[in-house]
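Each in structure tokens, the structures are laid out below.
Okay, so subunit A shows up in both of these, paired with subunit B first and subunit C after.
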Partner chain A sequence: MRSLGILDRRGLIFIVLVLAAGVLIPLANLLAPAGSPFHVSDYLVPLLGKYLCYALLAVAVDLVWGYCGVLSLGHGAFFALGGYAMGMYLMRQIGPRGVYGNPVLPDFMVFLNYKELPWFWLGFDHFAFAALMVLVVPGLLAFAFGWFAFRSRVTGVYLSIITQAMTFALMLAFFRNDMGFGGNNGLTDFKDILGFSITAGTTRGALFFASAVALAAGYLLCRALVTSKYGKVLVAVRDAESRTRFLGYKVANYKLLAWTVSAMLAGVAGALYVPQVGIINPGEFAPANSIEMVIWVAVGGRGTLVGAALGALVVNAGKTWFTGALPEAWLFALGALFVVVTLFMPRGIIGLWGDLTSRLRKPAGPVPAPKPAE
Partner chain B sequence: MEPVTQSLLYLDDISVVFDGFRALNKLSLTIEEAEMRAIIGPNGAGKTTMMDVITGKTRPTAGEALFAGIYDLTTLDEADIAQLGIGRKFQTPTVFDMHTVEDNLLLAVKADRRAFANIYWRRRAHERARIDELLERIRLKDQRFRKASELSHGQKQWLEIGMLLAQEPRLLLVDEPAAGMTDQETADTAELLRDIAKTRAVVVVEHDMQFVRDLDVKVTVLHEGSVLAEGSLDQVSANERVIEVYLGR
Partner chain C sequence: MRLFRRLLSAALLLAAALLIAWAAPASVRAQTAGGDLAPALAKIAADSYSDTEAALVLLSASTNPQAGVIVAALSDGRLLVDPATKAVYVRAKAGDALADAATGAAVSVAPAGLKPVRLNNRVRRAAEAAAGALSLLAPDPAKRLEAAGAVFKSRDAAALPTLDAALAKETVPQVRDALQQAKAAILVTSSSASEADRLAAVNLVVARGDQEALALLANLPADAPASLKAAAANGIAKINRSLAIWSVAQNVWYGLSLGSVLLLAAIGLAITFGVMGVINMAHGEMVMLGAYTTYVVQDAIRTDAPWLFGWSLAIALPLAFLFTGVVGIVIERTVIRFLYGRPLETLLATWGISLMLQQAVRSVFGPTNKEVGAPSWMSGAFQVGQLSITYNRLWIIVFALLVFFALLVVLKRTSLGLYVRAVTQNRRMAAAMGIRTGRIDALTFGLGSGIAGIAGVALSQIDNVSPNLGQGYIIDSFMVVVFGGVGNLWGTLVGALTLGVANKLLEPFAGAVLGKIALLVFIILFIQKRPRGLFALKGRSVEA
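Moving on, here comes the complex of A and B:
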């Protein structure tokens, strides 16, 4: 296999599949008549779109966990912050169509007796500003967090615990009504995005397509990073951090860069998620969400990027099916899945696939006699 | 800045105290350019702590540590010190298991160490030539594309020495290079280190007396965190105090 370039065969297949799905699924929803076998229901499009956002999130988690050894149990925070930035834009687009008809203040602010828009809501009526904030807010938080954590050489389980504490603290903060982000109800009742009705089939299709493009682009960005010499250093940090330091690399800077990029990708995933599910609330900061993300990556195959995306799709499809068919059993199924993967598939679905295909390529013939030890 | 000393490495009155335990006690040591020195001493003599101080892993409680007469090692971190030209080989071979032998050397080859610069990095001919030359020297040419995890213990030791050379350090600190090696490998390693010491300073910490004899260089004996004796192996072996310490009388 060629090692030149950033795309190997697996990556190429992945990109093609994601982009093909990004085009075909909205078309199948809009063009195929309802009775046709090719029709994709209105219910399915945003659901699959949500999976694509999760897949991008999983790729972001894999960049730091799989390649840099930083196990984040708080990536939900970056995802939710990106979601809130987008939600704030969508709230401002409602304008005077809210229940209280206030042209400037969102409903929850009228309800809570706000007299004017808090300063941190300024600018969010512009899509470009909101889009910038989707990157800047998670990026800045990650940078500040990483600056202190990586420079103080906090690693391993201690780092995981403080990432968890970070998202938990944010959850508690966002639950408060006087934070100015809608308290426990969060932001919802969205009407338009960029002037298009958010519930229209075409808008849903466009959002789905945008999610697919974001996933493909996020994958390519991470792939470019991990196949560069920078990526080799990252893996070196993961496997032998102090050795890397004694070779003259500033380990903290390497981690900080990957960490910040990862947080920004998570923010983008959150921003695309919110208009497709129609709501963002502090529950997205819940520590359990961040732990689930790690399970997606572990199930798919850590340190492969494609595996992370695949894991997110498989686990979430399972979740959708289970919570419909056997709602009480879902958490047990998730727990069992994690145990099975940890015990029997340490390299996840991707690793299992690799083992199976390599076994098939070498069909069972006479087993060569083991050479006697010299 | 005017160099304070002509020595490449200058340690003066270094003390390291961990919770009341003096790991190093007013240790003073100088190493000249392209000198090879063997450091011996019983367990707990402070050999590893001394290396930690020189490479920035441990900050001394008191004392002065200068490199090339101008760089204060007590204020720099591991990465800065490595970039100044001090390379370190650990006691247990520490290589990057998931990388190929070639990539292990590539990561060590002297080059820009900044994160952003390495995103845009492209393979260059002179780097490749340098890696070829190193592979030849550490006898791993045929293992170029193998993962480091698949190498034998002795090969890992040599790979790590190769990585040290790739850094083009002025001073190499080598911790027990012969540990776990066969007799032949041990002799070859002594040969390799002697060869390296023609152009660079090498400090070898070693337990294996035969190996120290093979090196045939000035020996420093550490005991309880300070220098007990210095001289040729024969001289220090004849020293009363050294015999006392080693035989525990």
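Moving on, here comes the complex of A and C:
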């Protein structure tokens, strides 16, 4: 199956499934009558859309963790920054329909006695500018952070800790009312996006479709990166960083590219997430969220991209079910998942599936797949 | 029979009361028994505001112990006058028991038509001043000290004679200073004193050097002579300088206190990280378990052995160490040892364990804060100069240092410590020399967890004991460990205290949140410069 070059069979199935879902689920919501077995409820569409955003985020985390060996405990920061950029656009779209009726200032600014829009809010009334910022802000932060960290050869646990410090610092900053991002409450009460009402079924469907397309595109981009020559060096960095450096590769630059692309993908995921859930607040920066993202990747299968997306879907579907049915048990289940996956499923669901199928074909026992080193 | 006895005694009491009431009208008795109180009581009985005020001046100069009772009763509205006989009575604080104002003798039958002595704000102020003046002569030095402080604040010239009387017989130096300052405060503000006296008084007030002295000097009466005003301005500048230094000192103290908390939380993490190269995400939950152990111990003591309460922390310490130590060893043996050489995955697994421990505690004890009491020797505060030091913070600093040095002794002077250091520096070489590294890992993990547990006992005194207790400390502990460097306990000590003090010194300028953000950014930048922390182990073995 070499039709698309960068796609293997698994990737092709994934792309087809995601795009099919992106078309069919909104259609099933809008066209099928409420009683029909094909109907997808209004509640389910944004929920599934949220999962797609998480899946894109997981693909981004997998690019740096699975292929570059950088365990980021701060990807929630990039996700939230993308979300805030979109949130700022949506806030500006409210216009004079806010509680205080101010045509320029969002409600929380009126409430906090702002006289005029802070400079960093300028331009966010244009969708194109906001969309650019969704990429630029997380990308710039990641570039600056990675520039320093990778050049100083901060690796392993130390790198994980400082990424966590980064998202923690941002969380504290965004919780401040003086920052001009709505403080504690974040940004919410959105009315419309690009002129369409944000609660309308068609808008929700379109957002869902956009999320599916973004996931597919993000996957293709990552896949293109990791199957290229660049990707081979990236894997070499992951498995033997010092050796790759001794061979003459500029390790820091290789890491920096993957890191920045990953942050921008996370930003896009955040931007698509916000209009579907209707709120963005500093809680998204919480370090615990970022750690949870890593476990999505681990559950699905680190270093497989498809597995990362799969893991995000499975874990979040589980979370939705547990918190509804057995709220007490959710943290037990999530905690156990962390332990079980790291102990018994180092290659996640994808790896388990691979083991099972090869065992069926060849009872003598599977050839152990190479294990990604730290 | 019993009924008869009761009736008899009631009748006798009634008869006696009637007899006394008949034999001596109250005003007469006041003169005979209370001596000097009589003129004051006569004025009070008149029940006009100005008379009451005059009476208070008389009372404040009295040496009769009953004067204090009368003044206190007056300000509480418990001083009653019989308009018919002009007798004055004091009603007890609780209940309706009456006592004669002049003698303090109980009055069993209340005369009809008693009226409380009326108060207005002027009378209330006069009563306060009189109470202050009276307690200047109290037998308890602490009371006298407090009274001197009250006079300093009120600057009531009427207290001057009493102050002089008190100064003449004062023997405690500290109280003497306070009395002199109080006198100085009166002199500075009174226009009748001589200029030389007032200038000398300014110096005394400056020597006191606190906010109240500042307020006094800033609000001199308008008619004060120029020399006095100049001296006061000088004094204000001097006090401000010394207060600025004291406030830095206070912030350093708060910083040391925060630093010791960080040290307690991070020290266990530092050794497990040093030995196994793994950051134990469940470390904060070990702290939390230690705090809950304290709660359980105190709960048991409250129900079964309340007299042991003062010892509850001492009992909780070894229990918390053992309990969390065992939990730590179980975690190491069941999960972590299968993940050697994969530090990032260990990080994830321990995070999972931390989630489960949190939820377990939440399921067992509920999500709300549990109340952990403080033994009496840990509550209260004392003053050093302008520095306010609370006992619980002081004990936590002492405790953190004790734990630190105990751990240092364990690491430097015991065979376990030797093995731990060997494994930290070169795991494979240590194994080749016959050290059972797996066993050392388990013991180290138990030790680190146990120390987290006793940190929890200490932190239960200053933080809310809830399932989220550990979450609040885990990131700060990481920062301390990566800042201080691995494999060196001194690094942890320096890191914890530096971060604590820096945090508190930044707070007045930047605010609590911005200060913390600044520190996080600083650490991120610092790690770029020194990727292995402040005190890194040297040598190739460190390179992963």
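Quick note on the criterion: the second predicted complex is superposed on the first by the 358 of 374 C-alpha atoms of A that agree within 3 Å, B and C clash if a C-alpha of one lies under 4 Å from a C-alpha of the other, contacts with A are read in each partner's own complex, and residues count from 1 in each chain.
Criterion: a residue touches a chain if its C-beta (ideal position, glycine included) is under 8 Å from a C-beta of that chain, and two chains touch if they have at least 3 such contacts.
Because the structure is a prediction, the values reported are computed rather than measured.
Engineer: Is A:Ala212 touching the first partner subunit B, the second partner subunit C, both, or neither of them?
Structural biologist: neither
Engineer: Given the touch rule stated above, what does A:Pro287 touch, subunit B (first), subunit C (second), both, or neither?
Structural biologist: So A:Pro287 only meets subunit C here.
Engineer: Contact-wise, after the overlay, does A:Tyr249 reach subunit B, subunit C, both or neither (first, second, both, neither)?
Structural biologist: The first partner, subunit B, only.
Engineer: For A:Ile350, decide between first (touching subunit B), second (touching subunit C), both and neither.
Structural biologist: Neither: A:Ile350 stays clear of subunit B and subunit C.
Engineer: Touch check for A:Leu305: first (subunit B), second (subunit C), both, or neither?
Structural biologist: Neither partner.
Engineer: Report the partner of subunit A that touches more of its residues: subunit B or subunit C.
Structural biologist: Counting contacted residues of subunit A, the larger count belongs to C.
Engineer: Quick check on the superposed pair: does A:Leu257 touch subunit B, subunit C, both, or neither? Answer first, second, both or neither.
Structural biologist: first
Engineer: For A:Ala85, is the partner it touches subunit B (first), subunit C (second), both, or none of the two (neither)?
Structural biologist: neither
Engineer: Can you list the residues of subunit A that meet both subunit B and subunit C?
Structural biologist: 242
Engineer: Applying the document's contact rule, which stretches of subunit B touch subunit A when the two form their complex?
Structural biologist: Its residues touching subunit A are 55, 57, 77-80, 82-83, 87-88, 90, 94-99, 103, 106-108, 113-116, 118-121, 163, 167.
Engineer: State the interface residues of subunit C toward subunit A in the complex, per the touch definition above.
Structural biologist: For this pair, the touching residues of subunit C are 273, 277-279, 281, 335, 338-339, 341-349, 351-360, 362-363, 471, 475, 478-479, 482, 513-514, 516-517, 520-521, 523-525, 527-529, 531-532, 543-544.
Engineer: Can you list the subunit A residues touching subunit C in their complex?
Structural biologist: 71, 145, 148-149, 151-158, 160-162, 164-166, 168-169, 172-173, 175-176, 242, 287-288, 291, 294-295, 298, 328, 330-332, 334-339, 341-343, 346, 374
Engineer: With touch defined as at the start, can you tell me which subunit A residues reach subunit B in the complex?
Structural biologist: Per the stated touch rule, the residues are 224-225, 228-230, 232-233, 235-236, 239-240, 242-251, 253-254, 257.
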